[in-house]
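Just passing along the structure, written as structure tokens.
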Amino acid sequence: MRILVVNPNTTRSMTATIADAAHRVANPGTEIVAVTSSMGPVSIEGYYDEAFAVPGLLVEIARAEKAGASAAIIACFDDTGLDAARALAHMPVIGICEAALAATSFIAQRFSIVTTMERSRLPLEHLVHRYGMSGRAKVRAADIPVLSLEDPQSNARDRLRNEIAVALREDKAEAIVLGCAGMADLTAELRREFGVPVIDGVAAAVKQAEALVALGLSTAKRGAYASPINKTYTGALEAFAPAAMVRL
Amino acid sequence: MRILVVNPNTTRSMTATIADAAHRVANPGTEIVAVTSSMGPVSIEGYYDEAFAVPGLLVEIARAEKAGASAAIIACFDDTGLDAARALAHMPVIGICEAALAATSFIAQRFSIVTTMERSRLPLEHLVHRYGMSGRAKVRAADIPVLSLEDPQSNARDRLRNEIAVALREDKAEAIVLGCAGMADLTAELRREFGVPVIDGVAAAVKQAEALVALGLSTAKRGAYASPINKTYTGALEAFAPAAMVRL
Amino acid sequence: MRILVVNPNTTRSMTATIADAAHRVANPGTEIVAVTSSMGPVSIEGYYDEAFAVPGLLVEIARAEKAGASAAIIACFDDTGLDAARALAHMPVIGICEAALAATSFIAQRFSIVTTMERSRLPLEHLVHRYGMSGRAKVRAADIPVLSLEDPQSNARDRLRNEIAVALREDKAEAIVLGCAGMADLTAELRREFGVPVIDGVAAAVKQAEALVALGLSTAKRGAYASPINKTYTGALEAFAPAAMVRL
Amino acid sequence: MRILVVNPNTTRSMTATIADAAHRVANPGTEIVAVTSSMGPVSIEGYYDEAFAVPGLLVEIARAEKAGASAAIIACFDDTGLDAARALAHMPVIGICEAALAATSFIAQRFSIVTTMERSRLPLEHLVHRYGMSGRAKVRAADIPVLSLEDPQSNARDRLRNEIAVALREDKAEAIVLGCAGMADLTAELRREFGVPVIDGVAAAVKQAEALVALGLSTAKRGAYASPINKTYTGALEAFAPAAMVRL
Amino acid sequence: MRILVVNPNTTRSMTATIADAAHRVANPGTEIVAVTSSMGPVSIEGYYDEAFAVPGLLVEIARAEKAGASAAIIACFDDTGLDAARALAHMPVIGICEAALAATSFIAQRFSIVTTMERSRLPLEHLVHRYGMSGRAKVRAADIPVLSLEDPQSNARDRLRNEIAVALREDKAEAIVLGCAGMADLTAELRREFGVPVIDGVAAAVKQAEALVALGLSTAKRGAYASPINKTYTGALEAFAPAAMVRL
Amino acid sequence: MRILVVNPNTTRSMTATIADAAHRVANPGTEIVAVTSSMGPVSIEGYYDEAFAVPGLLVEIARAEKAGASAAIIACFDDTGLDAARALAHMPVIGICEAALAATSFIAQRFSIVTTMERSRLPLEHLVHRYGMSGRAKVRAADIPVLSLEDPQSNARDRLRNEIAVALREDKAEAIVLGCAGMADLTAELRREFGVPVIDGVAAAVKQAEALVALGLSTAKRGAYASPINKTYTGALEAFAPAAMVRL
């Protein structure tokens, strides 16, 4: 079983963090292929960056499916491009936000998501609503730029800790979900520190991907995720026409 | 007052239909600038096409804002790229689905949206939910490819009529919303034929854009629509970095 | 195009404030007819006053429609009598709360409404829910009697400012909606002061009315807003029987 | 214990039907005072009639409270004027729709309401939503004018029976709520005929009123139902000013 | 009319408190039969205790129905075993939480429930949601063990008072619901002290039971509450098989 | 890793079906321990049976946790006793309904659950709502007794097929969830026959259990699932007191 883990931003150091988190939980028989998107923003902070992370992400998914991957993971907590990826692929495609929420829903009734920047809070609230967790999950922003998580000099991790403490006290959170792929390496440490379940979406998505593959499930192609109709794509985006992507 | 109307697919004949609908309702003092996206799919049918309609759309919005436009309209009923466009622009940006639903909400309590293909039904149901109309609006697909609306030989218009008749009878719809920009030229005819309000999103969006500009309102830049943070965009998408877009 | 703006309370000075706000944004070709209800409470503060503002309001709407008005606006933020007015009239009828919320929904994801008295807060929460904005808009009361807004000696405007500041800080509001027709003259000043979009319902409703008329839309008469069946009205209310109203 | 039952339309024969239903279930120590509104429409069919049923209704409530009534019932299934009545009175005020839904909720999970005319269906759907029963109760209209229920020559009762049969078959209703005060006399007969619980709102409201009085509960005067602030009411409605109503 | 009131925990002193509350409001013609469950936990604090309170509760309901009871009340604010009891019985079965919420909904728009322990807060939030009061009722825990309410030395009642004060101030509660059967004796005192409606579920359930019986209503047996199908129950639970229960 | 799979009814042949489904998808390193409850109903059909399936279920969970199990699965589609089990255990406890819905949510937007009897439909609708899938999943009953699935002479499987066909046609279901543990052996066959994803909850729960264990997650013990407080349990249920269960 080969699972593609795409970092939809173009920062390789973050892909390394993500790959580590994925390897740590993968089954012995699972091959994790972690790739960095070859085009687009160096970090995804809000709706605009999200839009430009999608093409590179879809290229990686098309390539991996052609090369025989069994499932794909979008390793950005905004679940960037998830619907488009599912329409494109037959293999299961999993967002790390939805995987984290699903895992947490089995072990806690109320929980809080701590993400990076305020501008990402509302998109995550929309995801929480979409995944049916509106009454259960609260979203908090620790006010830290995504790439500062990679910078040992920044106080990003302290701010994250502070926000978790507030979530436990004020939201009466039973568990904490880490709201950015770049926080994946902190999971174990934060569990020890706070003594509550701390959930990282990358790891959760790997296990979910393995599960769906083992269950023999692929994306339903009847309805919302029907395969793209082949048609002309013009101009600078010609190469992304459905037929061209299949040939990748 | 200059209003940009972007057709986010690359089919010029559809832009002409859209431009006509816009001109018909614009105030005397309003200049309508209708443009066809220079890159991406020839029609938008489902999530995959949507993703690739966004870059071209955003380029037109950035250009128009720099050139002094007062507001922008995204003339695809999926409201493709709406959030990214709002983050990018300061001027108001309006989706034709949300404009159509807002207009209809002032004159009817229950209504039906008739769109083209089944694969577009669920994305529209999500929009209906997002715009707070879940209990009020039902979405129906007439099972017609988008571009067949441009083809006088197709039976697309008959299928549309049939589906409207079903909506009136079974949904007890009080009004009908046309769920595709390519249906804009049919509004007057369908009103006469069915004797109920028929709403086209392109026209509705033009009036909404004029209204917001006259009210002196621009997109809120605090929270979800804060301007994109400047950062490096790499590879084939380098030209879309926030700073590069502002220079367009 | 002639638009009726009814102040459903009987305080003429408030009608003047409302008329000013309406004139400021109306198109050159729009005639604004601002009238004060001839019967009922001097201000509308809660459910009881609301009930007695309806008859006078409906009289003005019946008269105006007979005299050729194109649309009507109910200039009280409770959207008093809106459903009854829509059943009575064929022209579009617009509440200033719904117009304000619709306009704001195009430029902000989260916003706060600041109204006058605590007893008006819950009725407005019901409206917010009805208009599908439950997750997006928070209602706050500044604890000021409606008519104190007309009194230069009162501290009503200071209290309003304080509550706006709280809304920006605690609700993370992206925009502010003024929750009383009597605040319409403060819009420009508050925008400058707080640097965020501030929306007044009277102005928003004028533009919405112009839009609906330009779109050729009238109230759907199939379903909830079917015209009143003619029947006997007895006692002191005899004059309000549907047939009598049509003859007004 | 004296309970006012107001028929908010002006048709005395319907008051008689209502009074009978109330007497049949009242406790021995309960005095039922059934009154017909002295002004307004002869039947309430839709939003417009509703608006003009409120003043007469409030007069009766004010009079009865002054004369020592313990509770009041609004005997129209639209729960016409309920919020205004609660703001006015200190005694409990009960709508027959809300009483019927509350009673039914204790004995069934899913049920259907069968009302008179299509134009009343949407207002009842709003009430169902307001009372928190959206997922549980379906509203159906049997397409019968309200006063035809009083007419032995009409086929109103047959149409009602037909619609109940459809509700049992298609909605899988576990119980049936009669959606008009004028159907109260049919309860026993319909129970026998269909073999399922059939609930009449008038009877349900009498028992609910007795219950609230016995529990020593009166309307909360903190928040939404705070007593009307005394103020001038002008013109034809002068007599309805809060202070005047208290003196009734 | 005989009404069974089951205390589903096994603490007799609490049954006495409950019986007192029931007797205080019962009609002269109503016989209250208060029983203590003969098996299970001494108090119900959370999901685990709830599960083991159900068998004893159902035994009492089966016995009472056979002996001619007209209705049954489950006197634990978690409405423990309510659905199973309704499937078993033909007479109405009422939970004290649902009865309290129904009564309060007639006199207040927003209210707060003050319960004992944090671990009971979420189960009550689920009930509030189930009973359609999500937007209206807030649940607070005063952090007091259930049985401490019976202990004159504990500070439980002071903590309860404090939490009520917070609810009035922060939630702007219009009324207070006591969230534990063991608080029933405090109702009158707390009403005097706080000057707002205070609702006890035991008393509310007695009046609701009387009402349903007077209305001639029994549990709908079509759908969710269809009588249990007779079948073998094995092992230690053999005696609870439907047929055995009927023979009790 | 050892995973307990409890069949909460007492029918051993159904445990065998369940065990087979579990073994088919378990990882090589996973030990599946399938047990039949030692007390309670032979099948779970509605709320009453559910209540008596809980004690036996909890005994097996307590025993298995003491013996070193890593996770537990409740193999009845009603997710019988799930909250009580989570309060009791530290290891993750998974219901097969919630596991099936979670898995399906990754591969389809709209789907239908086909269960056995009408009386189980509403409990499943409540679960669908609880798990946040109200808008996405429709529940259908094929009107087949649970144990008839074990009987080769019955037409249960034909009825199931018919209902799946209706779900695909009328609900436009993109995938089918089998709504009873006793259908687990039909999964592969139905996938081939209908050509859409068919999801069995037993298999889904096994993979979910493995995932949670691999992620190092256990049930949150802060809030709703705090461990039961030790206390006396009396009468026939003495042996189920928290302390006694821990000693099992």
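By letter and in written order, the chains are A, B, C, D, E and F; residue numbering begins at 1 in each of them.
One rule holds in what follows: a contact is a pair of C-beta atoms (placed from the backbone, for glycine too) under 8 Å apart; a residue touches a chain by one contact, two chains touch by 3 or more.
To keep track of the chains, here are their UniProt names: A, B, C, D, E, F = Hydantoin racemase.
Note that the structure is predicted; figures quoted are calculated from it, not measured.
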item: Most remote chain, CA-based centroid, reference being subunit E (Hydantoin racemase); value: B
item: Identified repeat of the E-F interface (over half of residue pairs identical), from A-C, A-E or C-D; value: C-D
item: Distance between the centres, which are taken as Cα means, of subunit F (Hydantoin racemase) and subunit A (Hydantoin racemase), whole angstrom; value: 28
item: Intercentroid distance (Cα basis), subunit E (Hydantoin racemase) paired with subunit B (Hydantoin racemase), Å; value: 53
item: Centre distance in Å when subunit B (Hydantoin racemase) and subunit F (Hydantoin racemase) are each reduced to the mean of their C-alpha atoms; value: 44
item: Set of subunit B (Hydantoin racemase) residues in contact with two or more other chains; value: 86, 109-110, 118, 122, 134, 172, 223-225
item: Those chain pairs that satisfy the touch definition; value: A-B, A-C, A-E, A-F, B-C, B-D, B-F, C-D, C-E, D-E, D-F, E-F
item: Complex contact set, residues of subunit D (Hydantoin racemase) against subunit C (Hydantoin racemase); value: 10, 37-43, 45-52, 54-56, 58, 81, 83-84, 86-88, 118-119, 122-123, 126, 130, 145, 223-226, 228-229, 231-238, 240-242
item: Subunit E (Hydantoin racemase) partner contacts - residues on subunit A (Hydantoin racemase) that touch it in the complex; value: 109-110, 135, 172
item: Interfacial residue positions of subunit D (Hydantoin racemase) with respect to subunit B (Hydantoin racemase) in the complex; value: 118, 122, 125, 129, 134
item: Subunit F (Hydantoin racemase)-facing residues of subunit A (Hydantoin racemase), complex; value: 25, 27, 86, 92, 94, 98, 102-103, 105-111, 131-134, 136, 168, 172-175, 191, 196-197, 199, 203-204, 207-208, 210-212, 214-220, 222-225
